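As written, the chains take the letters A, B, C and D, and residue 1 is the first residue of each chain.
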Amino acid sequence: MKTIGVLTSGGDSPGMNAAVRAVVRSASARGIKCMGIYRGYKGLIEGNIKELTATSVCDIIQKGGTVLYSSRCPEFKTEEGMKIAIDNCKKFGIEGIVVLGGDGSFRGATDLSARGIPCVGVPCTIDNDIASTEYTIGFDTALNTACELIDKLRDTIGSHDRCSVIEVMGRNCGDIALEIGIATGATATIVPEEPFDFNTDVLQRISSAKKAGKNHFIIVVAEGVGGVYEMAKEIESKMNIVSRATIIGHIQRGGSPSVKDRVTASLLGNRAVELLAKGISNRVVGMNNNEVIDTDIFEAFKMQKAFRTDLYELSKVLNL
Amino acid sequence: MKTIGVLTSGGDSPGMNAAVRAVVRSASARGIKCMGIYRGYKGLIEGNIKELTATSVCDIIQKGGTVLYSSRCPEFKTEEGMKIAIDNCKKFGIEGIVVLGGDGSFRGATDLSARGIPCVGVPCTIDNDIASTEYTIGFDTALNTACELIDKLRDTIGSHDRCSVIEVMGRNCGDIALEIGIATGATATIVPEEPFDFNTDVLQRISSAKKAGKNHFIIVVAEGVGGVYEMAKEIESKMNIVSRATIIGHIQRGGSPSVKDRVTASLLGNRAVELLAKGISNRVVGMNNNEVIDTDIFEAFKMQKAFRTDLYELSKVLNL
Amino acid sequence: MKTIGVLTSGGDSPGMNAAVRAVVRSASARGIKCMGIYRGYKGLIEGNIKELTATSVCDIIQKGGTVLYSSRCPEFKTEEGMKIAIDNCKKFGIEGIVVLGGDGSFRGATDLSARGIPCVGVPCTIDNDIASTEYTIGFDTALNTACELIDKLRDTIGSHDRCSVIEVMGRNCGDIALEIGIATGATATIVPEEPFDFNTDVLQRISSAKKAGKNHFIIVVAEGVGGVYEMAKEIESKMNIVSRATIIGHIQRGGSPSVKDRVTASLLGNRAVELLAKGISNRVVGMNNNEVIDTDIFEAFKMQKAFRTDLYELSKVLNL
Amino acid sequence: MKTIGVLTSGGDSPGMNAAVRAVVRSASARGIKCMGIYRGYKGLIEGNIKELTATSVCDIIQKGGTVLYSSRCPEFKTEEGMKIAIDNCKKFGIEGIVVLGGDGSFRGATDLSARGIPCVGVPCTIDNDIASTEYTIGFDTALNTACELIDKLRDTIGSHDRCSVIEVMGRNCGDIALEIGIATGATATIVPEEPFDFNTDVLQRISSAKKAGKNHFIIVVAEGVGGVYEMAKEIESKMNIVSRATIIGHIQRGGSPSVKDRVTASLLGNRAVELLAKGISNRVVGMNNNEVIDTDIFEAFKMQKAFRTDLYELSKVLNL
């Protein structure tokens, strides 16, 4: 393999740039040229492709977002689009591609692999919702961002004896909510994976915390559950506690990556290049028991993510 | 004056604790005892009052929120409530009160003054909406909090060629929006003080920035104007740019105070005690041309806050 | 077991308060009373012991330092001191103790255990230097603090084409230096575990990075190696690059704990109480493959910490 | 004036990029072309000069350091160097230059002005040591950086009953130390402007704070005074309090600029262009009573900076 490409696709996540850098530097160290494909699969179709050298990725390890940009590309899902993409790979000499993104982006990768362009996926999403890896790049930074903001809200609700109902990201996966619930001492944590009864799991918990002497309350709700404005209203009306809802939203996706995200991105980007360099394709890299692994991409799609029931139960034990 | 009281009222703001500390320490240095009145005027009525010593306010200068808590107190506006409050002042030996808060809180202070308990107001609100001072404690911290969050959003919108419409705090006063608009290079800044035409002031500005080569756009909107969700929809449909709305909300009220807020709180808390110690009452302290001033409280109520037209115009010159 | 004690000993680390909270709440959930022992073993000797209730540990999860304080206590190593400590345990009804700290603190714990007060250790140190666990509470926060500061230094050295030689904490263990070296893209990383030749491992690496087009350089040095001022001078004189040394120092020990440290502290504090509640003693809790484990305390002392050679090698591949 | 240049010189300061952006955008809005001169006066001599357009300065407002780089240039002080610089101005059509930096950089500006290239200075230095303006760009960010770090140290010294002696920047000007002393509640603040007696001003203050019940102590020392390691030793030996010294150093120069620095940079960069556009030269812009001013550059050099005795005295009143 003489030349590989790298692209970022789907929602950006902190650490993507660290992963891009790792791919480029790791390729460079092996004497492999690396082409940056801009705006994801769209760039592959439009030929928006430029060489990245070891020094061109200097000082991006600390940057949020993605220097390669990301974009939707419905055209890539058409036979015609795919054909142009493959032609561009040939035109630019790209013999393999590292795809940074989530499950959706990896499906595109399998289409390219099937047409002779070996691909390896690197899991980059703040949601931690990829079953084949225990960790996705960006998760830790998003957690710390959300936690810092809730710490600020705590100042206000603590001063006013209030309740704050906060939506954190996570459509199908409650991992952000789960860890944030523990880390902020939330009186209740609501995730898509577990059924909840508002009366028992929220109102009664607030009530017993109040009885125990607590004067302010944090309720953490995953995006996939939603309804924070309604919840705040109901808490206010039924519990007589001034309650406010906050949706943190995309702020969780930005910001300089944490050390964990930089180091994990470095490990995974490096492994992805290692695989391509050995001619191995259709793999998703990831972490398992803190070690770098790689998984067959089709196997990966079939996996079911386990829910951290231990953390869910722990939050009920530790949090008033 | 042998004993004074201090209370925080209205919304909390970063720097309130630094001001409480300054009041207590400044009193202590003058041999005056200082009583902490908890949960604002409510604490005055309920007798929730405890002595604060020079060491009891150690290590609060860096804390957000208010260690004295704040609360609504409709009872304080009744003749009966006022009577109990005055009785409690006598009971606890309180001969003067430093009131930390906004205009609403200062009105309560005049009622106490009229009944023989001299009061001095210290402007604490993130909105910078008090006419008698060029600066209110908490404003700078709120600005930096909002700015850091928008810097994070910038990572995401810059990576995806998007538009972000962001509501920052400020009901009647656009000062937060104004400075944030400059500091984040917002393509448009919308404040309650200036009429705006969505087509000219937002859509056309985005359009010409796009023509100049810009690929992502920040629109800053003051809370008092609102409507960010609708604006995002309209930008998306009319400009064909993916657009998202974010309401930063109360997060702006929390967090450790900035140096400016700590220093200003120290200066103003100290002056408030100085005035009470000299038997001067019914004043609001504040800053003018970077110097500490104090103003007759009734004069202060009549003042009109000047809008920083220079900043508003500058943002149009500097921001694509 | 009806009553347990909890103390923090040795250097503080971010997440200690989260662990104290977890111990108290976990005990409370099991109907066990929890006594806070202040200033480590010194408090045990001086009887500086007070009950901690589930609500008394509200709002400490986000605080750096330790609300229980920490202190040296040479007296504890004497027979007489030990006797008083045991007497105080009886006096306060303490039937078991959770000790938060590092290896030194755990040795004290074994002495108590040997005299009939069962103890369990919870590893709290920013250095990650405890062999029986893959992670020690505080490590992640210290990493992020050091990384943020070096990101700031990068602004300056990047603007001035300079070299920055930075000492991070870690006396015998290079883990902080190792991860920081990766995360900041350090041109060279020097740890106590690996021999280094200044000429080959530092000067030549700078030289080849410069040749590749890099204009500024970060050298990360573990505390246990030291000598950053001399290194900076040598780089400046031999390479003709303005070089400055910085010792980050104890700043790395403070600050609000990261989510990872809060969650890990919650898990480990809870497990420690679980063990004591079951009458199990002389254990150190910890993490292995991301799962909570506990290890015989004497076995733990004999273990050798493995050095992450993979990270050390990776940093040479990825960093110019 | 059709074309101006902009350069950054001397030590970098946060907000320099915001000022560069303001200069470019303000020129652009007036139909004036703006050339970026790289690495200060060195770039003028070496012809390292490129056009900056309104969009080329997108997304730099939030960046620390200087995108134009800075460098020493002894050659510029020679007659020959000056001649080349003037020739390059002609070659690139540069009819006036905005110089961002401190007093040293402004002296170079007067040399250029004397040879027919009108210059205007914009005060950029974290030290706040320019007499003609009450504020220099970067000061506020440096303050907040130093303050956040000391807040972290406070966690540790508070947990261990220790003393921390901290050197902050400021060679001849104690402004950083002064405001940091207030903002961190330092028991003693030592600045170059005021003589101090170690026994009275440090040891005795610690002693009386200890007597009042305080258990940890912060001593803030300006760089221009120095000697923090010796002070820590003396405090430890004479007061029997474990004491540690920390030199924050260049970390204070980096980081994303605060809102105040971004807004001030926007105002001052804009005014500098306004002056050049009107053919006015040899001015230093600045702030006075929160308003933008400009001063004759030779007058500016003669001014004496007033020391904020009020803050110095206040810190003695408020800080135990």
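Criterion: a residue touches a chain if its C-beta (ideal position, glycine included) is under 8 Å from a C-beta of that chain, and two chains touch if they have at least 3 such contacts.
Worth saying up front: this structure is predicted, and the values here are computed from it rather than measured.
Q: Give the label of the chain whose average Cα location is farthest from that of subunit C.
A: B
Q: Counting in whole Å, what is the centre-to-centre distance of subunit A and subunit B, each centre being its mean C-alpha position?
A: Centre separation, subunit A to subunit B: 35 Å.
Q: Between subunit A and subunit D, what's the gap in Å when you average each chain's C-alpha atoms?
A: 39
Q: Between subunit B and subunit D, tell me the centre distance in angstrom, where each centre is the average of that chain's C-alpha atoms.
A: Going by mean C-alpha positions, subunit B sits 28 Å from subunit D.
Q: Which subunit B residues reach two or more other chains?
A: Answer for subunit B, listing residues that touch two or more other chains: 151, 154, 158.
Q: What is the shape of the graph in which nodes denote protein chains and edges denote touching chain pairs (line, ring, star, complete, other)?
A: ring
Q: If we count contacts the way the header does, which residues on subunit C are in touch with subunit A in the complex?
A: 21-22, 25-26, 29, 54-55, 58-59, 61-62, 134, 140, 143-144, 147-148, 151, 154, 158, 179-180, 182-185, 212-214, 256, 258-260, 262-263, 266-267, 270, 289-290, 310-311, 314, 317-320
Q: For subunit B, which residues are in contact with subunit A within the complex?
A: Residue list for subunit B touching subunit A: 8, 11-12, 14, 63-66, 69-71, 145, 149, 151-156, 158-161, 164, 244, 246-247, 249-251, 253-255.
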